[in-house]
Every structure is written in C-alpha cells, then in structure tokens.
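Each structure below appears as structure tokens.
Shared between the two complexes below is subunit A, which has subunit B as its partner in the first and subunit C in the second.
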Partner chain A sequence: MTRGGLTYPALCVLGILLFLALQYSNAFYSGIIASILIWTVAVSGLNVVAGLGGYPSLMQGGFYGIGAYASTLALNDGLALPLAILAAIAVAAIAGLLVGLAFARTRGQYFAIGTLFFGVVVNLVLTNGASLTGGPLGLSVPLAFASTADLNIAIAASAAAAMMLVHAIGRSRIGRHLTALREDEDYAEHLGVPTGRMKLLGFTISAGFGGFAGFLIAQYNGAISPDLFNYTVGFVMFVALSLGGAARLAGPLLGSALIVGVPDLLNLPSGAGMLLVGIVFVVVIIIAPDGLIGAAQSLAARLRARPAPAR
Partner chain B sequence: MTPLLAVENLAKRFGGVRAVDHIGLEIAPGLIYGIIGPNGSGKTTLLGLLSGTYRPTAGSIRLDGQRIDGIAAHRTVAAGIARTFQTTRLFARWTLAETLAIAASAGRARAGAAQAVATALDLTGLAASAGRPCSALSNAEQRFAMIAVALASQPRLLLLDEPAVGMSPTEAGQLGRAIRRIRDTTGITVVIVEHNMHLMMGLADRILAMNAGRRLAEGTPAEIRADPAVIAAYLGH
Partner chain C sequence: MILQALSNGIVLGALFALLGAGLTLVYGVMDIPNFAQAGIVTIGAYLMVALAQGAQLPFFLAVLIAVAATAALSVATERLAYRFVRTRPLAAPVVALGLLLVLDNSALEIWGGDHISLSPPYAASVLQLGPITVPGVGVAVILIAAAALAALWALLRHTKMGRAIRAVSQNPEAAAIIGIDLERQYINAFLISGVLAGVTALAYAPTYAVFPYMTDSVILNGFVAVIIGGLGNVWGAAIAGLALGLVESFGAVYLSAAYQTLIGFAVLLAVIAVRPGGLFTGGARRIA
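So, the complex of A and B:
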C-alpha cells in the first residue's frame, strides 16, 4: 500500500480486466471468477474489522447471508434495485452494530468463539424462519439486472470498488484509529482514541460489505438457501483473509482466489477441497504469519537489502 | 489559586480490597507533585482513577473545576490528562513518529498537531529517534518515548507512573532534568509516582505519602522526610 498514487488507477484497470475475464470466459471459469470476486467484496469488508482492527471475526458469513435474504425479500416486495441493495447493506450493518455492542467487551479467542456462534444463529434463523425465509429450501431470487453483462459489470466493479474503499478507509482517521486498536487497545484508549466507538464503526462497516456481497451472490445464483450461509462460511472467509494477507489491499482477492478458486479449478469434492484449504492454511500461518502478500513483501525486502553478488 | 486538580473522598475497591481508601488532595497548576508509598499502597490505582483507567467506587475528581470522575479514558485525554505506564507500553511495530502522530491527532487540540509532535520530541530529546520503530529503542529511550507520546496530546496534567523503572542513575538524572524542563517550558502540571527517592526528593514540589490506600502525610519533600508516620511505614515499627 506504499505507492499510493498508483493504487486507484491500478484498481480501475484491474476492475476492467476482471469484467473482461468474467464476460468472455466459458461458463465454468466465469462461475469460478464470479465466486472469487463476490468473496473479495465480503473479505475486503472483513479486512476492516479483522485486518485493520485486529478482531478475529468469524461471522462475516452471517452478514453475507443476511444481505442475500434482505435484498431478495426486498425485491420480492417489489422494491427497486437500489432499494434492495440499500436493504442488504443497511440490515447487515445494523446487525453488525448490534453484534458489536454485544461483543464489546470480548477479545481474542473469546471474541472469535462468540462470533462463530453468531454465524450458527443466523443459519438457524434462516433455516427455521420458514414463513419469511422459505426454510431449508430457501427462496428463488427475482433477477434485478437486465442482462448477464450488467451483472458481470456489477460484480467486477464491486470487487474493485470494495478494495478501493477499504484502502481509503485504511488511510483515513478511522483506519489509523483501528490499527492503533489492533496494536494495543488499552494503550490506544489512553492516547485519546475512542476505542469503543471505533470498534462499533468497524463492525458496522464490515457487516455492510458482507451484506452487499450477499446481495451479489443472491443475484448471481438466482436462488438462495441456508446451506449457502453455513456458519463455516464466516470461518473460511477469515481463513481467506489470513491466507492472502490481513490489512493488505489485495489480500482479500488473493485469499478468495485460493480458497474459492483452487478447489473448484482442481474439481475437488467439497470435503477434499476444505481439507486442502485447511492444510495450506496451517502451513501458511506457521511459515508466513502475515499471509502470502506479507511473505512476498518481506522476501522482496530481503532480496533488495542483500548486496549484489560478486561476479 | 484554584487547584488544577481537586480530588475529594476518592475510593476504589477491587472486591474486598480497598486499593484507594477515601483520598483527598489538591494540586496547584504548574506543580510537580510526587506520590510515594510502599508497594500495594494504591499509588498506581490512584493514577488509574485520574486517567479514567478505572471508575471510582466513590468520590469526585475535578480538573479545573470540571467533574471528570467515571468518564472513559479517551475522554480524560480530551479533557487534558495524559499518562504513562509502569510497564513500557508503545506500539512496538510503529515508528515513534507514527505513535506520536496518533496521540497528537486524537488528543485535545487537533490543530497544531505537527507542532505538538515536534515539541514532544524536543522536550524528551528523542528528535533523532523519531523514525525508528518503538521496539528498536533502548529501555531508557522507550521510557522517554512514552512521555513524548503523552506530551503529544497536549495535556494540562501529565501522570507519570514510575518513569525511572529500569534506568541507570545517569539516565534517571536525565529523566529528572527532562521532567523539570517539561514543567518549566510548558507549564504542564506533573503527577509522578516513583520509588527512586533520590529522584523524587530532588524533583517534587510537594509529595503525598500513601499507605494501604490512605493518605499518610502530605507536604514538601523536607516535611515528608521528617514525618514520623512516613518513617514508620517505610522502615517498619
């Protein structure tokens, strides 16, 4: 994130390339790319609370589900597309705020365990609230985009915009305060950082991104059901962020590509895919705790620092 | 003169332990005010109550006439109180300049943040180390750095919790001179908890002696040194 001047144009170009890849690949690859990009939106959001703020939230999958259902229900009620998007973001963000209040005093592994259960609760509500959510069978989604091209544009632009937004947040006052909180929350509080308020803000922003990603996956899938938003989704999103590189701009994209893309590309059965992801995660966390981007950066720094070999 | 800090009947209980047991004190602006006492006498808890780290069980704290007891720590910073800690606390991976910048921008007067950072570095003699990561500073530098960070928020009242921990006599001497320089050039009121009696007696204008959460004696260093109750608490009966 150091060469800041090029970041936004580079992300715009990336967005266009991603759209072209989505639009002109065959259905198999296009589907994988779409999943990766939608995950990138959700994991970029997670990057605010977990990457910048250092709070290991395992519940981003819950907000993802909330956004998918909220937007679908809004469209079913005949609301226009922008209002459906607003519903996805707002309902998820409010849920994020409330959960943030509930978990305000927990940290570390206790916080992680608590958030994991939030994911379970969301799934239980989606499964059992049949009158609203359609129960285990879910809902079919009214498609709000005129064409696949429009949807592809929306997905590619959302992934690029999500990374840009999180980059901007990271450089803002909120981002600096969140990173201070990550380093030492009590000390940050004594430097004048309103840590409680910043944490809630971080939760709310992250959840809003999750909700928006949920809207995208609902539109892309055309149908939603609780099993898409199993509590493990939030856990795997956290794994994707850690794998790619927390608090790093491209971490969510790289992590999502590895988590979502590789098992699909290898055409592994879902159990084997998760097993592979688990093994890779353990190895990466042991040898590169800052994720793959962090490892690449420190390797590059080491190579630069080493004097040129004598010839 | 109206006191900058007025504490009345202040108490803090942790379960059954009366860490601070109905303390009252007044500190005039511009003073260097020492707090001494044996381990466990409630000095650090008293500082924690002043800085919003703890909520008092009873009593009141007024800064310049305004009640500040029970408010969150970040709001005491906004009110003009900054503190350091007994154990070194800094953002280890950040440079000193980054840490100072966040304290300056989150603190009382956001305007003049750059000037506040420069002044803080100047007063603590750390200008040459600003670009280094906090973890790369020596122990003494880290102790000074914590003071610099506290100063960056432009406080009216600076609370120092055993700033000389781990310092050599030479470094402690430098610390004493730095604290005096801070008070003399900025007019900031300083409250200092310290076990180094040599440093304390040479530095403080007034001293509060505590024992078991209570006020034992209060006065000038000479008065405290001659006080029979203080002598008894320190040397045994």
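So, the complex of A and C:
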C-alpha cells in the first residue's frame, strides 16, 4: 500500500485528531463525522477482499447488519461489552466464511451478482425473523459505553485501527497472496498460491470488520431496524471504496467522507443526495479508474516527471 | 391450490424471463451486468402513467412513446457511460449500480415517492379457467412476454442485425476481422434491451405498484435467471426465468411467502455450487 515506516504513527495522530473532531464539534458535524468513521471501518474491511483480492463483493452491508444485530442481541442477553463485540465479529466472520464457501468457485460478475443477493437475503431475514430481530420495527440497543466521550474514543480509535490492520494485512503474506489473486488467479494458483484458502480467509476477515462496524453503528444510533441494512448499503460501500481508491490505505476514509459526508453536509434530501452521488460516482469511475487517490498520485507523478522549464 | 400456484408461477416466470432476456443480451455482447435496466423499467412505468393517466393519451400511444423513450435511455447509458468501461470488467458492475442510483433517484425527484398504479384498459378483466383465476394483467404478462421473446428470437435468428449481434457475442475479435462494426452492435444490443425494458414496464407495472424502487429487487430474479441460464445465453435466461417463477410460486405456497426471494437465492446457490458457469453453457458461448 504505502511505503515508509511513518504509516503507523501517522495513523495514530490521525486517530487522535479524529477523536478531537468528534468530541468538540457541534452535534450536527459530530454526527456526520461519526457516520463517516464507522463507514471507514466497514469499507476498510471491504478493502481486504475487494481492494487487495479484487473480488467485487457487494455484500459488506449484510455483515454490517449481522454485526449490529448480533451485538445488540448479546447485550440484550446481559452479556458484557467485550463479549458483545466478540459476538458481532464472530457471527459476521462465520457468515463470511459460509458465503465464501458457497461462492468459492464463482468469479467476477457472477460473484458480484451473487453477493448482491446475499445482501437482500440478510435484509429479508432481519425483516421477517420477528421473534429474534423485532421485525420491520427493529430493536432498541442497550448502550454499553459509560459516556459519549467513551463512544467517541471507540469510534475514532476503531477507524484508525482498521486502517492500520488493513495496512498490516496488505504487507503480510496474506496480503501478497490476495494481490496475486487479483492480478491473475489462475497464474497465482499455478505458482503455488493456495488461492481457495486465501479467498476464504479474505472473505472472513472482511466480514469480521463489517460486523464490528455494525456493532459501532448500533451503539451510535441506539436503535436498529432492517432498513438501515438495506441491500443497497452493500453496494454503496463498494462505491465508496472504488471512489476513494481500492487497495489504498486512505481510500475507505476518503470514499466514506464523500459518500456519507457530502450529502449530509449539503443537507440534501436523500433522493437528490443519491442522485448526486450516482452522477459523481459514474464520472469518477470513468475518468479515474484507480479512484481519487490514484488519480491524485498519477497527477503528482506527471508533474514531477515534467522536465524543468528552460530559463 | 396446485393449479393456482402453477398459474401464478407462469405469470411470475414470464416476467423473470423478460427481464433475464434483456439483461443477458447486453451481457453477451458487452460483459456488463446491467443493473441500470431496473431504473429504465421504472422510468418506463412512470412515463406510461404520466402519458396515459396524466396527459390522457390513448393507452397504446402512451405505451409506444414510453417504449421509444426507454430504448433511447438505454442507448444513452451505453453512449454516456458503459462504453468508457468496456475494457475494465471490474468497473462495469460499479458503473451499472451508479447509473441505477441516478435513474431511481431521478424518478424520485420528478414523480415523488408515493406508490401509484398504472391501469391499462384490460385491468378489470379476469380470465376464469375452471377453478383457476388469472387476472387480466397476469394474462397480459404472459402474452406480452411470449410475443416479445418470439420477436427477439426472430430478430436474432433471421436478421442481419441479429446475426451480427450473435457474432460479436460469440467472438468479438473474429467478428471484427470479418468486417462487423462492433460499436454498432453494442448500440443495437442496448437498443433492443431498452425496448425490452419498456415492454417489461408494460407487463410488470399494472401487476404491482409504480414507485422509484419498484424494479430493484425483482431485477435480482432476472439476474438469477441470467446466471442459471449461463451469462449471455438468451434462451437459457428465458427458460431459467420461467422455471424460477414456478419454483418461487410453489415455494411461496408450500414453504413461506415471506421468504419467496430466499428461495430464488437458494436456487442460485445450488446451481453455482454445481456448475459455476450456469446450466446451459456448452463449450462455446451462444446467445441464440
């Protein structure tokens, strides 16, 4: 992803700045920043399977929903906060593993369509499994943090930690194998990369991040319902990743800020907001294939490469 | 009970077949999962309501204008967006979803979010076949789908345009070598799929409510039909669509109506697990 050893300290500083922004902005801005950061966690997870591995997963919204409901149900059963977090991550990761097994042999667009369907199924189950999920009305969430400041710390730290983890994964053996998958799956397999196992691992990791983000949004919102985890959420998360820059560390943060933050900031009605997101998004994908960060980097490289003007 | 489920299933299946045929045609030629087709069907349905019930045009004139508009809109998506990502397979689904956002939310901004209904002249009629009741709009879905698919078959089989589209779908490089204008066939495929979107709106809207997101989930069944039939295979999609409609209809009666879509997903998973390339794919890709 990025070079140099400064990434971790930089992300720590970023995390602190994000916390200060969350804590000391007025309620309006603070709400927008919190949404952006929670999305950053989920989209960073998506960055593993879709950014590194090149698998266009449109189901991250499903794991997000699974995590929100799993943690809320755990808290409702009287479990402690760490166990609720564990439940969110574990249930989502297991779901990711199972879906990964089901889709193990599908690639490319079959995969995209199949995963989109998974998002619909999650929403359907949340809506219809009323005895467990409260049906269309959803559940109210027992708040597990002592104060808003604690919750803000958790959100800011999670966003920074998610980016650090994805950075670490990207530089590890798993990351290199996933990148090989993205570049050429058949060739990677030929070279001895355990492609099947790597894919499953990638799915599981991504889903776990999604589940954890779901826990955060449930805590932040105080109430959850199936329409928060509509199947379009999964594809808008993929949009956020592509817009920011897939396989780039800051891509999820930038993409989330644009997708979640800009419509909220402009206070657009949701229809006009999504219309704008759609147009901007199609244009960016067409003119900047590597997302905005990729476009900025290639622009910078071109400026550097230009010979100095003659005097 | 069985007969009623059968007739419901045929109506549903005809709709899925119609959706699947339009999707898979574009897929065959350009490798694009055209989610935007859902938005085009929705806009077509709104235009029919606006022209027939708002502007008081005769119903069939309103339908004609709406179908022409969906065809133009479909070609516009190709010209303005898809053609730039033709060589980037991973960008295609993303652009398709972006276009769907644009189309759905345009409908929301223009016509509002209320559920309205499209009432064709045959809306009140009912076909009674012994113990089975089929509403007029259901009969219309079957007739419209049968006519549209037959016309599509004739077009792909027996016209120069159809042969060129099939050639591009089977092997673009070879088609270009023998002098087929690829660009032209991309536009033709989107034109035909746009007409099919308008026809789908005519079939679908009266059986259901018209609202901005009306087609978003039903189109997924179209994709299931496309995948089961083998991407790019028009007849595979039509047959798979019909079969899927029957399975979902019987599932709704005998298992659970709430989880009807889940049944479609289960069918999809079962097929993907056994044959990742779809059921009707032979050695080479064929679309007709």
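Going forward, the second predicted complex is superposed on the first by the 308 of 311 C-alpha atoms of A that agree within 3 Å, B and C clash if a C-alpha of one lies under 4 Å from a C-alpha of the other, contacts with A are read in each partner's own complex, and residues count from 1 in each chain.
In the analysis below, a contact is a pair of C-beta atoms (placed from the backbone, for glycine too) under 8 Å apart; a residue touches a chain by one contact, two chains touch by 3 or more.
The structure displayed is predicted, hence computed values, not measured ones.
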Touching A:L20 in the superposition: subunit B (first), subunit C (second), both, neither? neither
With the two structures laid over each other on chain A, which partner does A:D184 touch: subunit B (first), subunit C (second), both, or neither? first
Counting only touches as set out at the top, which of subunit B and subunit C does A:V193 meet: first, second, both, neither? first
Per the overlay, which chain contacts more subunit A residues, subunit B or subunit C? C
Between subunit B (first) and subunit C (second), which does A:G278 come into contact with in this model arrangement: first, second, both, or neither? second
Would you tell me the residues on subunit A in contact with subunit B in one complex that are also in contact with subunit C in the other? none
Parts of subunit C lying in touch with subunit A, wherever the complex brings them together: 27, 31, 33, 81, 84-85, 88-95, 97-102, 104-106, 108-109, 113, 212, 216-217, 220, 223-224, 226-227, 231, 258-259, 261-262, 264-265, 268-269, 272-273, 276
In the complex, go through subunit A and note every residue touching subunit C. 54, 56, 58, 102-103, 105-110, 112-114, 116-118, 120-121, 124-125, 127-128, 231-232, 235, 238-239, 242, 271-272, 274-275, 277-279, 281-282, 285-286, 289
What residues on subunit A touch subunit B, complex-wise? 173, 176-177, 180, 183-184, 186-196
Please name which positions on subunit B make contact with subunit A in the complex. 51, 53, 72-74, 77-78, 82-83, 85, 89-94, 99, 102-103, 105-108, 149, 153
